[in-house]
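Each of the two complexes below includes chain A, the first together with chain B, the second together with chain C.
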Partner chain A sequence: MNRLSSSGVALSAPLSLLLLLVFLVPLALLFPISLQPFQDGAAGSGLTLGNYSELVTDSFLRSVVVETLLLGLVVTLVCLVLGYPLAYYIVQATPRMRLALTLLVIFPMLLNVVVRSFGWIALLANRGLVNNLLRDIGITDAPIRMLFNHFSVLVGLVHVFLPFMVLMLIPAIQAIPKDVQNAAYTLAATRRRVLWSVTLPMSMPGILSGSILVFVLSISALVTPRMLGGGSYKVMATLIYDDFLQTLNWQAGAAMAFALTGMTMVLVFLSSKLLNKFGGNE
Partner chain B sequence: MPTLVLENLGKKFSDHVVASSVNMSIDDGEFISILGPSGCGKTTVLRMIAGLIEPSSGRILVGGKDITNLPPNARNIGMVFQSYALFPHMTVWENVAFGLRRKGVTGKDLGRKVDEALESVRLTGLGQRKPRELSGGQQQRVAIARSISPQPSILLFDEPLSNLDAALRDDMQIELRRIQREVGITTLFVTHDQTEAMSMSDRVCVMANGVVQQFASPEDIYHQPASSFVAGFIGRPNRVRCESTTTPDGARVVSLGRRTKIQFDQSESNSGNGVVDLIIRQEDIELSTDGGSLGGTNVVSAPATVSMRSFIGSKVQYLVDLEGAELLVTTPTNGPCAQLDVGASIFCGLKQDQIFLDDQRVVA
Partner chain C sequence: MKSDRLGSIALAAVAFFVVAFLQLPIIVVLLAAISETSYLTIPPKGLTLHWFSVVLNDVDYLAATWTSLWLALLSTLAAAAVGVMAALMIHRKLLPGAQLLSSLFMAPMILPSIVLGVALLHYFAALGIRGSSLGLILAHTVLIVPYVIRASLSGLQSIDGSLTDAARVLGAGPIETFRLVVLPLLKPALVAGGLLAFVTSLDNVPVSIFLLGANQTTLPVKIFASVEQGVDPSVAAASTLLILLTGAALVIAERWTGFHKHV
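Up next, the complex of A and B:
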């Protein structure tokens, strides 16, 4: 081993050790639990894949998995649609404006997610700020139900994860050489055509990595769906929480946790393949 | 009728003048180079013509029509960028088709025109490759094919060969000239390489500090430099700091070393005493072993000794010492003075009309 790589090992050793102890070891201990049957409120004997197959066969669990994936997809799309123009604008802005806008984007990340969720409750409740305003200016008579449903979860998650999307998009858009866009203009392309045929495809690496990040974070989010979704709203993360801390069905919880981790890893793997395909955009 | 006319074109960035009062008139099918050191404003002029930079003053006319305020996508002017600026996510074929599609060319016509463009730059068969799978020279050809395929009225090149290695650059120079002649398109070529500019162009525009110094044929630029800047920039000139004094009857005397004094008419000088840069090309200095043979009108014979000799193939280069001043001199390998030894006493023949004096010290 040469000196450079041995010092690399030494430098990464503390983090590797920490991750091994607090992440990989518990994970390894959890895995056998996911293979135990759950009988009469306790772990049964023998090994089974039943906890996993139930995720597909049980209609309730299946609906939760589908709900989780759909939620992740919608949050990702909304973040992309809202985040791209913002990132595009930040890249074009003057250096001073760019700094101010980037700080504004980062600012929500400085607030605890619980605090932010309470903020949304205060805004979206039946007697909350938004409904009161709508009634005062006479748009509605009865309050519009905006809290503890899909809408509030979506709003909350987009609010939390939009900065991630924007921060991934900015360097990707910035990396597009100005002259490539200029070349398109000299070839008689309209602004819209340049955006569609040059800028958007060339920012694909950022779009992909931002989308993957937001999707993965969304499907594993716990606090926001729990606080803004209401008691009956279930996604995989909240169900895992319930399994472990309320119904004490560790077996089902572990299986779902591994299923979630597995899906995430498959996604990250596929996206890195895709990124390679779009790579070399220089 | 001239294709492209620039009228008093100028560009200021806040207080910094990048180009001022650029006037140019270019005829149909001409190949023009804009030559100058980096930062002289040549790329700015090119980008103003393309519409990528808005001029602060002046007008741009193409075929008599004022296009100064048109956006780049309405100008029908092609541009080849220094970085090639190919669309990396499209195939070579799609890159070339991009401009044609914007002109409404579709179907069979599109296929035929793209294939023609690829053929003219000798890239037939590489249409399905991505730009990153091509060599630098091939990418360059794609960029050219892409810009000529929509048949622009003018083609602009922004230092297109500076990213290529020397051998490839020579090939591309010839190739570019061939393509330009075949297509017959009016071309403006920006470069800082004087050999490139001289060998390729019908006319060369020398720029410095945002101002056009001379706009003439390569021969005129070389033989009749309009300013001391051009004289000091073109060829391989010597630039020697000299003492300058004025005689009572108004002539200017410049001391080149301790032994040689060169007298100039009043018209040659605009300031009297002090220091001045004397500029003369290495190849314009004639060498002789005896001073008598260097006669003739307006030739100054300067005694000197050889202090260094280097053989560079077709030429021999000497460093000669004029006691207080040094000059580089090149002479043909098969000439009479090709075999001088270090320490030999010789005479340098300096023709007065090939000597330029630079009071402003505009350094290239």
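Up next, the complex of A and C:
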């Protein structure tokens, strides 16, 4: 037993040490920064919870937090509405079609988020592909503004997180025993009825874990909102970026960062509780 | 029954629309990179490889590509080494708090990357190593180690325990057993996890952007910064290079071990 333990210590020591020094300690040291007052462009003396309470009391900061959460919610819903039919289709497709479609879902996921956002800029800009096409066909004279607004950020984030949703839904739909669906058909249920009363409810664990994953990832996304939202569009992550690299108000940025972390932790915790309740094994 | 058939057609249509949507921006980047005009039309007006030569002759782009590559490679190797060791410990439950430790090991995946980025900015600045290569490699290793651990754990689970027992009975020590039996069987899963880790490092902006020194940049951070100054076709060419790098990594992993079975 003693020898076993010593090999256990030896095996986990390098990573534990790395995470202690480059993960836990840096986070612990950032926390006091979030409690410092910010005065005249520098850290003031004393400790305060002001940076946190301002997230609620300051109307600008509050609007950024609300914007972030709403955006996360809409992205999650759109990913679910687009992702479920695709996952459902992939599960019942022939093996060859299945492999092809799965690879086509995975491939964009491996590509750089910066590159994909750039692709959307080329598509949605005033002189971009979509507007040029609309003008050439003669539908519009003046370009329709599709870039640097809510729409472009939504499109970009859905594109980034849709594959995650699909890959979470596929095993959940697949895990539903065929017998249950067949039983419903035998009892003369229509396909739509089976989908609504059997398949959808039984894939709930996958729907929940996919939705929480997408929501958590969307609210902390930096690159897509920054590139597709433009300089004046603010979510929590882009504000943290500004606070640390541009306005140098590290105090406010640190408070925002821990607020974001707190929301993520609560959601991850809730999702594990919910999944236990559903008896899922994710 | 008729509505059922309509239903399947609608389902197939939605599925193909969604898959096409996922490929759309990638195709557009590839088109933009070989188009003569600085804006895009369908069909493209004239094809050229000019923008690639612009990028490949640009010292800044080359340096950024080089930084991205060594950073991803070194941090993947470091993550593979410490990650496999940690996965062995978790798999064999060698420590009483194995479950708790494994949550700590996976935590960098759950924490928003930007939070790790700013925490390390503050920490490295205080230590005076902001902008150092060592700091960047350590940060990326922390960020990608969960991918290696997750892949190694699923690989370890599929290894038949009687094989390692047999090796031990035949007199192999623990290190020999690992090197001659466990590691070869673990290779496919490890390559898959390593590839995901490599691509994640190659992709990263929210950590790198806070830690890079003044005269140093990675390819995604450089593209990110140049887009803020306006879109030009050389960005598309640089992006295409990144797509090709990712594709090459995928092909190598697939040839080596059959990557798609381990995603």
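The working rule: the second predicted complex is superposed on the first by the 262 of 282 C-alpha atoms of A that agree within 3 Å, B and C clash if a C-alpha of one lies under 4 Å from a C-alpha of the other, contacts with A are read in each partner's own complex, and residues count from 1 in each chain.
In this text, a residue touches a chain if its C-beta (ideal position, glycine included) is under 8 Å from a C-beta of that chain, and two chains touch if they have at least 3 such contacts.
Since the structure is predicted, the reported quantities are computational estimates derived from the model, not experimental observations.
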item: Room on chain A for both chain B and chain C (clash or fit); value: fit
item: Chain B versus chain C as contact partner of A:G128, first or second or both or neither; value: second
item: Once both complexes are placed on the shared chain, angle at chain A toward chain B and chain C, C-alpha, multiple of 10 degrees; value: 90
item: Partner with the higher number of touched chain A residues, chain C or chain B; value: C
item: First, second, both or neither for A:Y185, with chain B first and chain C second; value: first
item: Partner chain(s) touched by A:M202 [first = chain B, second = chain C, both, neither]; value: first
item: First (chain B), second (chain C), both or neither touched by A:M227; value: second
item: First, second, both or neither for A:F269, with chain B first and chain C second; value: neither
item: Partner chain(s) touched by A:F23 [first = chain B, second = chain C, both, neither]; value: second
item: After superposition on chain A, the shortest CA separation from chain B to chain C (Å); value: 8
item: Chain B and chain C footprints on chain A, overlapping residues; value: 190
item: In the complex, chain A residues that touch chain C; value: 4-5, 7-9, 11-12, 14-16, 18-19, 21-23, 25-27, 29-30, 33, 82-83, 85-86, 88-90, 99, 101-108, 110-123, 125, 127-129, 132-133, 136, 159, 162-163, 167, 190-192, 216, 219-220, 222-223, 226-227, 231, 237, 240-241, 244-245, 250, 253-254, 257-258, 260-261, 264-265, 268
item: Residue ranges of chain B touching chain A (in the complex, touch as defined); value: 50-52, 71-79, 81-83, 85-89, 98-99, 102-103, 130, 132, 146-147, 150
item: Interface residues, chain C side, partner chain A - complex; value: 3-4, 7, 11-12, 14-15, 18-19, 21-29, 32, 39-42, 81-83, 85-86, 88-89, 92, 94-95, 98, 101, 104-105, 107-108, 110-116, 118-123, 126, 138-139, 141-142, 145, 174, 199, 202-203, 205-206, 209-210, 220, 223-224, 227-228, 231, 235-236, 239, 242-243, 246, 250, 260, 263
item: Residues of chain A defined as touching chain B within the complex; value: 177, 179-180, 182-190, 193, 197-198, 201-202, 204, 278, 280-282
